[in-house]
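Several structures are given next for inspection.
Same chain, two partners: subunit A is paired with subunit B first, then with subunit C.
Up next is the complex of A and B:
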């Protein structure tokens, strides 16, 4: 580093010093360029392992014929797409169901998470860590056996095989993201702003609505994104509580893949991927470092 | 809008927010209650039902299900713990490396490239991860095909990675970006003065990362890894799609027990075993967070 600094020789210094300095500067530049070799190898490998599987999936969506040991499909075409999107293909139904359930799950989760997050961030709560941990429980237990029991209860009260039933299961699963991120979002806001609004006469609800809620909005949107994707991704609960009356995309993907129909499975996978990738590109706008560093605290 | 009415209640309860601690606590509990109730009704009660079911054999209480579980599935219990533990270690190492480079990297273009690259798998659903890695890692998958094209291996020597390695790869592939995002966020919000000071005193970047940065983000790293651990313990689609033969993960065993035998007793007992494994890890988080608050 220090070698490259004295590039312009001061007046009066012998020419040789300037020459050496320039030479060594060029040398450090060369060496800096050389660093791109290990960087290139590491980034190249990362790119291959990240985009390779995705590209492989894209190939499967248009592969008509592809078997070992051929590196690429032998024949390309869109016949699988026609099959999937045919009126009786089931994909459109599953897509509509998946989106409906995900949107409802987000709404219910936020209605529950906003008051909880505010309380966990601002008010002194007994056993706060335990309460935070309670929301983790649905993620901490292999939910398979739990959903079997949920399905039995739902069956008795007529919720099995209905959209509200699936939404409730997804809410219980997604609440950990909603509550934890909402808590972090509220604790990242300076409490004095709300206090100032209260001091000039705003009620608690008004101060919350006009000051705290807008400031927490980016974090809350981020938590909504997580809940939405969690719902879209959810497979086990949808299988036991929803199927066969409420068909969802993950179920379609699973049955197609299990049946060896990699084309239909890959097309369904692509349908599930698009919202995920879209959200990935915008999530950083909403999830700032000050909120991120408080998640789970 | 139950939230709205609860807030209005708070309004009358403590006009300036300086009312006694107990009414503030009550308000707080009231605000948390609806969400907690959802967890209790939709998860904890069914969980208790399944725990009771685990100890029930033909209508009477007993340990028969657990005897059968350990007889049949001890290997899978160890397998699950090893797979999840190994994946957690790899995820932790990779996310510290990524976060560290994003924080300390001196070449802006290299940092930008890494930032662009690492996040892609984060929001890809597990079931999609299972599907795309199944086709990627198979004997005739793209990974082997590229290796064959490059002359690194031959069609005869190509190995399928669809066993424990495939599960580990799938978990690391999917979970690393999530932990790395949390960790790099925490690193970015650190005070840069100590980092700069250590760098000026001649500490290498690796040393700054290990001795100054990682201790300060340890809590966030732990949270991310605990969340990943329990997520991996609960995922059914990845083991089913990548490696459903023995030995496999407990989730696949539970599904098999229910689907093939209708044997809820052993399935519930397997569920209890994974609960014990997962909650021992959650305990680490709880202790760490208690220590930080103390």
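Up next is the complex of A and C:
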């Protein structure tokens, strides 16, 4: 029984060519290392542009004293936090208002978006794409003009300065996301799945509840989160319709920022940022690519 | 009203926009019968099935079950179960939940549901898969879950929409027989839509062949195979060799006039309704027999055509030859191989030669070329 030797370098010629090859290999290796320089710079810049402002904001939230030309705060502390969350700071009220309005907006939007999204996805409506576009109208005009007029009308019917008034404004704003995403979520579900339920004895509503709704849930959750965040962030409508009776978090941010109180502004911004980050994570988990690809179709 | 079937379709028509999908469908199906709706794609067979299931309303005609008109009844009130071509299993439910759903809807007590679901899983060979989601099953297993879900509710009528078409060829063959045996055992009335002729032949009591939304012929597998009522049916059932001939009726015989490849010959008319004039002759490759040009033809009767072998292949069991007769090419099988270029005589027995008066205009109805029929000895 003879075992072949592990492949040793053979005769002369392959050796020399092997040498030059190794040399050029080392050269390309070095070049590859050099490549990392521009890449590193680009990544570094990107990181700076993305995380720089965030880090700056975080620093501001704990800065007691910070002025030009110092790169870092001179004194750290949580006194601004105390100020913001003090009963008279208004932040807790604004936070409560913002959350209440956002939750109500989500509920109303979903109540409207589920049936309309289902109809737009399943029924062969003649003006389907026109209807879908119509939900964009509130966004098609300058916000200020729209909300000033909304405020005027709401004044007349006594909705101005009330939570329902702000919710309505936010719903008109968020409905486009809710309906579009719900339509996409329902279109992504094979109609035969529902027919299969009808076929073995489920009524129309039962089949919807047991089959279509659970399957559309990820998309609907995503749209709910989207609407929630839109509501939390919304400024113009909240300002014209809500203030000064119903104060919202973005409004607090605006007054703090305008008054030069960067600490309060940063803390408020942080409060607004947390839901966005949670949103990203949840959407990433729930929303499937095939749902996203159907948005607007 | 006395001789009424269990499931009765009368004058069904369906229209999709300007497109007439179905017209004049009259069909009477007995209890416990297994009927195959056979046709090429686009013939309306799936539309007819969905119409029976209640997913669409006919534009004319009515559907009744045990003399009860169900034409406008919602699908969930019909007591039928459809096995979808896509299986349409609910991805968010486990196998057991899929099968149990119909029973749950009927308010069956939980313990009984569990018993029936496990019995169904046992029957269909799905033991141990109850907690899996459909995505974790193979194609054959999904097909059985779909069937189990349909059978669990004890349907009066089982509708099958090409349930085997997504299966591997080998599994398909066994599932055919399992499905047929199960249907017989449970005594369910079944309507099976398929485009696979062989599948329809081995499974069904009766085959209904649809062509362009009309019933082209219905009968037992043996009837539609051996006595096709039209050129379309003959072609669909595998008689793909087509010769354009002419002839005249003479008493009980039809006399084929001498043509480019044949001498004058006589064929008994039998049940054929033929008028003198142009005829289309159709026959199956396996019905023809080949003889070397000089050899005597043993069997008497039938038609003999002379031609030349163009090519030969071995699909298994017999040799298949492409033979040129005059200016047409036909296929014929033989137990031995003739070489390309050999002069041969092709003998087609009278009973296997299907003659139809040629349509007034144009060539015969185009049909999709199904794979050549496997020869059964």
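Keep this in mind: the second predicted complex is superposed on the first by the 254 of 297 C-alpha atoms of A that agree within 3 Å, B and C clash if a C-alpha of one lies under 4 Å from a C-alpha of the other, contacts with A are read in each partner's own complex, and residues count from 1 in each chain.
Following the convention adopted for this analysis, a contact is a pair of C-beta atoms (placed from the backbone, for glycine too) under 8 Å apart; a residue touches a chain by one contact, two chains touch by 3 or more.
The structure presented is a predicted model; accordingly, all values stated were derived computationally and were not measured.
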{"item": "First, second, both or neither for A:107, with subunit B first and subunit C second", "value": "neither"}
{"item": "First, second, both or neither for A:279, with subunit B first and subunit C second", "value": "first"}
{"item": "Which of subunit B and subunit C A:198 touches, first, second, both or neither", "value": "both"}
{"item": "Subunit B versus subunit C as contact partner of A:27, first or second or both or neither", "value": "neither"}
{"item": "Touched partner set for A:86, first subunit B, second subunit C, both or neither", "value": "neither"}
{"item": "First, second, both or neither for A:190, with subunit B first and subunit C second", "value": "second"}
{"item": "Partner with the higher number of touched subunit A residues, subunit C or subunit B", "value": "B"}
{"item": "Touched partner set for A:211, first subunit B, second subunit C, both or neither", "value": "second"}
{"item": "Contacts on subunit A seen with subunit B and repeated with subunit C across the two complexes", "value": "195, 198-199, 203-204"}
{"item": "Of all residues in subunit C, those that touch subunit A in their complex", "value": "53-55, 74-76, 80-82, 84, 86, 88-92, 101-102, 105-106, 149-150, 152-153, 155"}
{"item": "Residues on subunit A engaged by subunit B in the complex (per definition of touch)", "value": "35, 39, 43, 46-57, 59-60, 67-69, 71, 111-116, 118-120, 123-126, 129-131, 133-150, 153, 168-169, 171-172, 175, 179, 195, 198-199, 203-205, 208, 229, 232-233, 235-236, 250, 253-254, 257, 262, 265-266, 269, 272-273, 276-277, 279-280, 283, 287-293, 295-297"}
{"item": "Subunit C partner contacts - residues on subunit A that touch it in the complex", "value": "190, 192-193, 195-204, 206-207, 210-211, 214-215"}
{"item": "Contacting residues of subunit B [partner subunit A, same complex]", "value": "1-4, 6-8, 10-11, 14-17, 21, 24-25, 27-29, 31-32, 34-36, 38-39, 42-44, 46-47, 49-50, 53, 107, 110, 113-114, 117-128, 130-136, 139-143, 145-146, 148-149, 155, 173, 181-182, 185-186, 188-189, 217, 219-220, 223, 227, 230-231, 233-234, 236-237, 240-241, 250-251, 254-255, 258, 264, 267-268, 270-271, 274-275, 278-279, 282, 285-286, 289-290, 292-293"}
